[in-house]
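Look at the two complexes coming up: chain A is in both, with chain B in one and chain C in the other.
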Partner chain A sequence: MGIISRGFGGRRRESSPDLPPGQYLTHDFPVLSAGPTPRIPLDRWQFSIITETGEKHTWNWDEFTALPADEFTVDIHCVTKWSKLGTTWKGVSLDTLMADVESAADYAMAHSFGGYTTNVPVEDLLDGKAWVAYEFDGEPLHPEHGGPARLLIPHLYFWKSAKWVNGLRMMPEDEPGFWEAAGYHMYGDPWSEQRYHGD
Partner chain B sequence: MVDTRWETKTARTLVLDVPEWPGHLPGQHVDIRLTAEDGYSAQRSYSIASAWPSDGGGTVELTVQRLEDGEVSPYLTDVVEKGDQLELRGPVGGWFVWREKQPAPVLLVAGGSGVVPLMAMIRARGLARGRQPFRLIYSVRTPEDACYADELRRRVRDDPGLDVHFVYTRKAPDGWPAPPKRIDVAVLNTHGWPPDFQPDCFVCGPTSFVETAADILVALGHDAKKIRTERFGGA
Partner chain C sequence: MELDGNALAGDLREVFAGDLTAAVFTCAGCGHAGAVATLRVFQPAPGLVGRCPSCEDVVLRLVRTPDRVFLCLSGATRLELSLDGE
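Then we have the complex of A and B:
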């Protein structure tokens, strides 16, 4: 299916088996955000996990950066079609942050400074699949890219990796976050091309 | 594609007759997928330039800026012809949109081809005879790089609720009162709305432009929640 575009295909971009369908490779690092970039002073930064019973676990910047951190290299895939392969980050695994959190919830809503939200199944946050990252390429994460710290869930489209993240709220039922309420997919698997509602 | 026209030397408007188009809000975009004969395909997003329903009936217009190292845009600007078919998906996006029932004044800030979705808002306001006052601040390299220049001039002449201010970054027209410069605090303060008016602000363009303009609006006292941005990233 699909319409053949006469004469198209002469200037192809490099391809890679690591590229999900419909994506193209980029070597720079585009920025996508819905509003102005917030600047969050580290002494006002905190990250909280609130369970479905209202129990709250909070870390300030010093407590958070004292946690054991991973350095890891992953591919990232933006729903606007670019992918960037082999990006290197440092951050705290959600397994570490969730270790003492008692919750039976299947979903979480990530919240950010500035009001952004995005929903994620809890099983996509655990078992080494997600981090709260605070360094990119060996440098503190720049505010444009979500610093001081952003969620990083590389196996889902990048809008799930909430910039300027400041907490998770555990939810028994799935609810749409910011882009999900604006027509984007509730889950967002790039390998199944789950870009928009109905994909 | 039923019609086409050049807006500048490098930006071309494609007029599309889309079967079963459900209509769209100004600011939304479409995804275009091109497929080669061997099955290779590439897709990109393009902002819709027209309001719905369009003046001439049920068409949808995109304005595509040719990126010299691009893969899809040069095909759309230089190869596709009237009568060709395109595979299109949309409309997409429910955030960077203007709705005619929003009563606030509107500030549109465009960098280069970022004007496209903002033009759709100006056209939608015209179509709805909206009474919300609109201001557009439009940054271009040179006068020749301005899209929709004649239409904007005509709309400003006929519509006291619309103001357009150009910022020229490389070359200003003869007799222009200021030397070429980038968008700055003075421009946004003078030609935007005071923050007390609580305008809805839409900023669209390349990342560095959007970062600069949005930061200035926040510094001038605009509520960050009233500033919606769309960044043209990547290639």
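Then we have the complex of A and C:
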């Protein structure tokens, strides 16, 4: 417990226009994990979107990696206060994955291998703001960082970028995911420091 | 007779004042019962996650903020505390 409180409180703020309030810059890539790292063989990997009417769209690894992919460079901000600027990824935009999905839902619950969940408004997934990423720095995404593939929503705190993601469930109403149910903010905007419930 | 939650004050003080690592949880996932001290705890993470040693389901989550603590016990159907010997 002491480690957590030191990690949250002990660092001095650095100033950079790209650094949200309360964050410090790091050049390594810390690994945060709420459980054992799942190792998912690519022939058993799949990603599904399930709509509010129960319609299911599924991609296996070959189908997923055959989709048009973006290479993009973004800043990431972890709620434990580190930020990493200029990270380079390759992944499939949620606009591409949602193109043929008929849904009027305003929210989605991201689900992962291993049971992790996190809730996101649908508008934060679209218009080039989110990806299912499978390469980091030109290499296949390492399991410790969420490989084979993770959600990437860089404009929200990094707990929303679910590692080992395997699907989205569309939801008419917002519901809390794994950390949101335990006291973290439902939305998680780093620029407004929406860390915890009530912030 | 119906009372409000203030009627729980004494009993809850007994539950939350002691060393809870000796308390016995029952896992909501698989029914396994064991001491809180036997949970598999994962960090670093945005909080502490205690997983069942039998099925790996999440039994408890604990999140500290600068001025609050959140304890989420939705993965446990109950906690059992011994009153003797303390």
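Heads up, the rule we're going with is that the second predicted complex is superposed on the first by the 185 of 199 C-alpha atoms of A that agree within 3 Å, B and C clash if a C-alpha of one lies under 4 Å from a C-alpha of the other, contacts with A are read in each partner's own complex, and residues count from 1 in each chain.
Operating definition for what follows: a residue touches a chain if its C-beta (ideal position, glycine included) is under 8 Å from a C-beta of that chain, and two chains touch if they have at least 3 such contacts.
Just so we're clear, the structure is a prediction, and the values are computed from it rather than from any experiment.
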item: Which superposed partner A:Thr26 touches (first chain B, second chain C, both, neither); value: first
item: First (chain B), second (chain C), both or neither touched by A:Lys81; value: first
item: Partner chain in contact with A:Trp164 - chain B first, chain C second, else both or neither; value: neither
item: Touched partner set for A:Gly115, first chain B, second chain C, both or neither; value: both
item: Partner chain(s) touched by A:Glu144 [first = chain B, second = chain C, both, neither]; value: first
item: Partner chain in contact with A:Tyr107 - chain B first, chain C second, else both or neither; value: neither
item: Chain touching more of chain A, residue-wise (chain B, chain C); value: B
item: Touched partner set for A:Trp45, first chain B, second chain C, both or neither; value: neither
item: Which of chain B and chain C A:Thr37 touches, first, second, both or neither; value: first
item: Overlap of the chain B and chain C footprints on chain A, listed as residue numbers; value: 3-5, 7-9, 30-36, 80, 115, 178-179, 181-183, 196
item: Chain C-touching residues of chain A, taken from the complex the two chains share; value: 1, 3-5, 7-9, 30-36, 79-80, 115, 159, 178-179, 181-184, 195-197
item: Footprint of chain A on chain C - complex, ascending; value: 42-49, 51, 56-58, 61-66, 68, 70, 72, 74
item: Complex contacts: residues of chain B adjacent to chain A; value: 33-38, 40-45, 71, 74-75, 79-80, 84-87, 92-96, 207, 211, 214-215, 217-218, 224-225, 227-229, 231, 233-235
item: Contact set on chain A toward chain B in their complex; value: 2-9, 11-13, 22, 24, 26, 28, 30-38, 78, 80-82, 114-115, 144, 178-179, 181-183, 196
